[in-house]
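One chain, subunit A, appears in both complexes that follow, with subunit B as partner in the first and subunit C in the second.
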Partner chain A sequence: MSKTTQAPKALRGVGNFIDDRFHVAKMGEKNLRKVFPNHWSFMLGEIALYSFIILLVTGVFLTLWFKPSMMEVVYDGPYERLNGVVMSEAYASTLHIDFAVRGGFLVRQIHHWAALIFVAALVVHMLRVFFTGAFRKPREINWLIGVSIFVLAMLEGLFGYSLPDDLPSGMGVRILQGVMLALPLVGTYISMFLFGGEFPGEDIITRLYMLHVLAIPALLLGLIVAHFMILWHQKHTQYPGPGRTDKTVVGTPMFPGFAVKAGGFFFFTFAVIAGLSAFVQVNPIHLFGPFTPTSITSGLQPDWYMGFMEGSLRIFPNTLDFQIFGYAVPIGVLVPGLIVPGIIFGGLGAWPFIEQWITGDKRAHNVADRPRNAPVRTGVGVAGITFYGVLWLAGSNDILSETFSINLYLTTYIFRVLAIVGPILAFIITKRICLGLQRRDRETLEHGYESGIIRQLPSGEFIEVHKRNSHETIEVLASKPTITSTALTEEQVDDKGVENPEGRKPKGRLRRALAEWYTKDNVSVEGVRPHSGHHLHHSDEALKEHTSSH
Partner chain B sequence: MKWITARRRHPLAGYVVVILALALFGVGYAGLAPTADQAQAQTLAADAPSPEDVDVAEGKTVFDQTCATCHGLDGSGSKVGPDLRDVGPAAIDFQVSTGRMPSMNPDAQMPRKPMVMTEQELVNLIAYYNESIRSGTNGADVPYDVPGGAPGYDDFKPLRSDFAEGEAGSEEYEAALEEAEAEYRTALEEYQDEYDEYIAGADNTDMGMRLYLTNCAHCHGWSGGGGALTDGRWAPEIHESTPREIYEAMVSGPGAMPMFSDGVIDPEEKQELISYVKTLQAEPNAGGIFDLDRVGQVAEGLIGWVVGLALIVACAIWITAKQRAHD
Partner chain C sequence: MTENNIDNTGDDTPKRVVGTPAAEEPVVSVEAEQARDDHNGPYPASETHFNSEEVQRRGEKVASAWFIIAFLGGIGFLVSYFLFTPGQIADPQYGQYSNMLLGGTLTLAMFGIGAGMTVWARKVMPHYEVSSPYDELPSNDEEKGSFSAFFMQGADESGFTKRPLMRRTLILAMVPLGLAPIVLLRDTGPLPGDKLKNTPWEDGRRMYVEGTHRYVRAEDLENDPYGMISALPAVDDDHYPHGISLNDAAKSVILLIKMPEEDWQPSMNDEIEVDGETGTRLNWTHNGIIAYSKICTHVGCPAALYERTTHRILCPCHQSTFDASDAAKVVFGPAHRPLPQLPIGVDDEGYLIAKGDFTEPPGPTFWDYAKD
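Here is the complex of A and B:
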């Protein structure tokens, strides 16, 4: 039996031909052996990537028939209920896709479900990166690219949702225009420019179409490729464990292990999306009917990823609006429509740099944090999720009110209070839970784990037998980094007794205060030897000693 | 038992027990809970009831017993019930046939319920109202040419107690039952024809759609699913509403609803509007067997997260899982 199996001659010939010209064998060997750490949460970004691919493919299919025109036509087609109805060509061509193109309805539903899952996967992927601190040096740029992808994906979704020119489309575009108009000075100009005149005009669908199928997808594709190449170059982060350090990666090689998994995962993602599309009706534009500027309906929302904007607009009070020189400044639209998303996305983009400024940590990190080991960051993250979640829920307050028979106005007041109190409570509770988990980790490290076996000692005392941790558990628990900040460790007074000028300025004092807030309360595992705690006397061997000594 | 014993310490056993218990309670409750019978108005007559079919004296009894407490013996109203003299019989028919009147709690908005009286009693009540309470011809008349509810079998079914005891009685009863069933089927067919004719009589979808989406949808929703209103009120869903009830609601403006008299939206336009929403509601779901109650984007978002993304993440967990280390 030969030691190495050789490829068939024909294949070798082709391979050598290519290799002689492009020298791919060396590059291929290096990249195919690249190791990927194994964890389910590292697959979340892939869901987004695969949904994006599905979106591109189905999107191309839809463009073959979709007519981005607002020309008015009288419908005469296979969907009999709307025969004789005046509508835009965009809407009529979408009906055509649904009812006259073979498989068109299914593909449109796949496109829509894939969009919903694309943004959802982006969000959970982003949360994973945030909570494990995977945005830290050297990955800040990739984090910023990710945030840009998130913003662009939302816009892409909003514009796509607006294209069929059905009832909710038009309502969404109307809200978009309202937020634009709220901008002081330039609002009306921007609106007139985008719409080519008054709302709704005759151009908006054509323009949104260009943005939806060309400009934004091109940007998204570029950013996704950059995101992926940077990831490839910098390598993936990994969770702490035996042999896992900032310099060495433990995982599955790209080929064949990881490639097979990733390939299978693509098909599973596609299967779920296609399954939903086959059985669950999504955005039934043929039922909604075409948009006319006089039409309006209750109970319709934007797609979920715009829900927080909707909620922010719904619950923000309008009592702060004022007029200046006869010009209205609608704070009630301006703040929720622009400032709130600005805070959310600005905050996301700025966080790696804020954290770095607070801790002064300039080291490169390739081992991800366990969320509990960075309690303030985790608390801030959960507070952010709570704020976003409250706004998101508020966006569906009419549905909630009707479904659960709650007074509509009451829901508004509840959400107003929750939007402020919720994040604060979430921060405090999350931080407490993290610290509790840290204490338990420390205890497990010191004493081993509870075996669930209760023993009675000859003296009558009951004890629980603790067992030794596995090697891996010790490795993970002992790797807990101590959170420090250079702001606290730097000398405040130099050897000549002169105070550090940086520390006296307001910025320096703020940094010290934040550093204090960021680092205090941590449960340190430094100096803790595994299985050194007194509880271990209750292990089996100790038990024997115990009995014999009596 | 052995099967359970072997598995009761499985890591998932706890979850399985909880899920089974929840399912047991959920299904058990659904089985035991009293079901709210769907309101089934039994209006059949396409024409106004002829004078010989009504009993005004009987109508007075109904009024005195069920309405006068709040609305006063002369219908002029009281602290808890409004004046009825100017509302018109359409309002009476709407409120009583949808079960909203008699109201249990005058301070709360009434939900749709089964009608508390028989069809005949309602006809008598309206006759009494027209004769003794209504001032002149104020208020809208009942639109008898618009189809009401489908006939109910109970109206045709003979009572066993009307027949003699014993075998002979039973045979007679069986025969009567068969006859009633045939009568009921004819009546249902008649009603169906009438309904279809009314709906098909509207041929301008564009007009119906614009009227509905401009005047009705901002409260009742694009498909008539209902919606939340201010101050804790709500616009009811109108799936069960018969064309006649929708018509009556428009001409009488119940509760917070504005009135759309025949001068504002004429009867033909009303027919277009009613036909639009009824056709839309009867529309099958072309996009798949699950329509998510046509709630729209909120439900879609929920399913996208808790079914779509959750399944895919579960798969990610599955393919990256390693053998559990047993120590």
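Here is the complex of A and C:
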């Protein structure tokens, strides 16, 4: 076995063929050397990407048989239990995929599971980016693209869920239409144009199909490619550690290490999705029956990512609904249907810019924050998760009520309170935990780590021996950035004694107040020398000195 | 692996003697100082951690074992496909077997490849980290200035800024074309008009028990254990397998509820107007039977659950609750508007009939529902 310096002839042939036409040797090598930092949390976005690929492939397979038609037919097909039942062609063709196409059931389940995992991975990936501040300059645009992907993925999922035209999916479309009707002035028009008339009409499945298999996937694909190209161009963020700075990225090169690991991870992702699809039934439309606008079953649940919308529709009270000149404004539908997602998605999109405005931080960041080192951001994030989570749980209040034998109406009241109190508590608790962790970090940096060894000094005093931190730990702890804001450091009064006019305006005052809120309480490690703490005599060496001096 | 296999690690890297055991944990490199400059040169990894030939050989075996498992899984997948005929999987039991076999073998194949590749990356490949510079942001002033100068020169050459007539007419020319796609969407659906306000219910219209073609008689409710029947107008339109279009069914479906007359609340004596005639709500009931729209006024789910003892109608979607004995007023939940009442009576042959259309438009509340 010897080291290969020259590529085999065939490979050289292909390479030369391409290079003769595109001149890519230099660029190709640079990209093969592309550095990817290592951390488990960087694999979350990969799961989303791989799920999306699986969705594209399985989706194409399903279109071979699915008929996006609302034509009503009397079923006469392989699934005998529904023979004679009136249903749409869309539902009948889905039954065909399930019961007459070998592997059809499996591919449908893979498609559905992959969709659930796609959105889940995307959300967790987004939370990782949020909590580590990886959205900061220069990555704000990629963050916005990510938020758009999230919104589109939800719509894509909702529309796909609607296509088989089974009872729960049709009811989802009905709720969508009901929310649309609530829009002042334009609601009835939008609904008529989208549905080609009244609900359910004869067009909606065909139109949702177009959106689901063509328009939204094209947008998603475009945005995902853009997301990935920007990531490639700007390089990945990394966690603090030896040699890792805002100027230098440390990690595994694309080729061969990262390529093989990422390839393996794709197959793991696919294996998990295939395993779920083989053994865990999801969306068994043949058991739900076809959609009719006049029937319903209790305990209906949407796919998980629509749960927060469902929950907010369930718990928002009707007391704010009003009429103006005889026209209805159903606030109880408009707020959950528009304002709540507006707050969640708008807030996500706006946060990088809000944070930048508060701190005045215009520097480029490539080293990710440890969540504890940005306690207000982390607190806001956890408050957001809590708000979303409460709404999400509220979307299952009937199930919770039945499972835990709680009065159904009581659950609604509980969720109403939790939706307001929960995020506030979550913020306060999270911030306190972050600050506690900061204090511990500072202590570890100053004194080393607690070894768990208790010694008795000759004086009778008991001490716990602290041991020296590793080089890497010191790097990580000492790299804690100090959170400041230009709003607080800028001179409020210039050298002639004239007050800064910006600072006196309401906007300036708001910014100062927010900056105060954002920066206060933080524990600084500035000026702390590692292992310089007054407890240092607890370390092993010091202990010896201590004993010898007696 | 021979020694010349590691000559890309730089001269100051201590070369490990073949056969000595490797350190257990992967070594993280410290950034080499020269890294920034020679990014295109050899990997600047200051330490590369090679697996010993022994470990590599074992890794190769384990990875190959996984790949063979994956191969068998793949073969199993193909076999599973042909194990069943399309006719057999029509039986849900066999369909499930087929699904489990296909899915199980596919999982095995995928997992095998993934596991094999992971072993390959961990046990056969060397472990190292390299550093590389992030791009300097932003561009330097010289580059920016040059770009800006060239762009402005081109803009001047084009005359786009200097010739306002041309510029403005071009923008003008774009406007109608920009509107065209919106105009083209006009025919996606009809205007709302009063479509949402009218239903097939009219004076004298009989009703079918939902899902059947059997007219409802008042006695049917005496015998019904739930005291509640879901009904549709008897329109018998041959165009539709159900005899009624889904659009019409969606807005005209009703709940017929019978309750003892002493349970009626005072609000049942409120005057309401139906097709120009006024009367109390009770006037529009028959023999203790009252009809309400089944479609929730919140966002349109069928409010299909009825509790006989409390006279409550519950929508299972968002739990809006209406009191059937009290003009279907909202007693809990997000809906705001009572369920519209359908005036009913009985015809000469004893069948229940509608005496007109709903008291208010049925279905989700919309902007102008209260306007005529």
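Just so we're on the same page, the second predicted complex is superposed on the first by the 545 of 550 C-alpha atoms of A that agree within 3 Å, B and C clash if a C-alpha of one lies under 4 Å from a C-alpha of the other, contacts with A are read in each partner's own complex, and residues count from 1 in each chain.
Simple rule for what comes next: a contact is a pair of C-beta atoms (placed from the backbone, for glycine too) under 8 Å apart; a residue touches a chain by one contact, two chains touch by 3 or more.
Note that the coordinates shown come from a computational prediction; the quantities given were computed from them, not determined experimentally.
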Clash-or-fit label for the pair subunit B, subunit C on subunit A: clash
Partner chain(s) touched by A:V124 [first = subunit B, second = subunit C, both, neither]: first
Partner chain(s) touched by A:L116 [first = subunit B, second = subunit C, both, neither]: first
First (subunit B), second (subunit C), both or neither touched by A:H39: first
First (subunit B), second (subunit C), both or neither touched by A:G307: first
Touching partner for A:W232 - first (subunit B), second (subunit C), both, neither: neither
Partner chain in contact with A:F17 - subunit B first, subunit C second, else both or neither: neither
Contacts of A:G264 with subunit B and subunit C, given as first, second, both or neither: both
Touching partner for A:L410 - first (subunit B), second (subunit C), both, neither: first
Partner chain in contact with A:I47 - subunit B first, subunit C second, else both or neither: first
Clashing subunit C stretch [against subunit B; choices 223-231, 241-249, 259-267 or 331-339]: 223-231
Residues of subunit A contacting subunit B in one complex and subunit C in the other: 38, 86, 98-99, 105, 109, 261, 264-265, 268, 277-279, 286, 292, 294-300, 397-398, 408-409, 472
Residue ranges of subunit C in contact with subunit A within the complex: 1-2, 4-5, 7, 28-31, 35-36, 39-40, 43, 81, 84, 86-87, 89-90, 92, 95, 98-100, 102-104, 106-108, 110-111, 113-118, 120-121, 125, 127-135, 137, 185, 188-192, 195-196, 210, 230, 232, 240-242, 246-247, 249-251, 253, 294-295, 298-302, 304-305, 316-319, 330, 332-337, 363-371
Interfacial residue positions of subunit B with respect to subunit A in the complex: 203-206, 209-210, 213-214, 217-223, 225-232, 234-235, 279-280, 283, 285-292, 294-298, 300-305, 307-309, 311-313, 315-317, 319-322, 325, 327
Parts of subunit A lying in touch with subunit B, wherever the complex brings them together: 38-44, 46-47, 81-86, 98-99, 105, 109, 113, 116-117, 120-121, 124, 167-168, 261, 264-265, 268-269, 272-273, 276-284, 286-289, 292, 294-304, 307, 396-399, 401-402, 405, 407-410, 467, 470, 472
Subunit C-touching residues of subunit A, taken from the complex the two chains share: 1-3, 26, 29-30, 33-35, 38, 72-74, 78-80, 86, 98-103, 105-106, 109-110, 138, 171, 174-175, 177-179, 181-185, 187-189, 191-201, 203, 233-235, 241-244, 246-253, 256-257, 260-261, 263-268, 270-271, 274-275, 277-279, 286, 292-300, 310, 313-318, 321, 323, 326-330, 332-333, 336, 364, 366, 397-398, 408-409, 412, 472
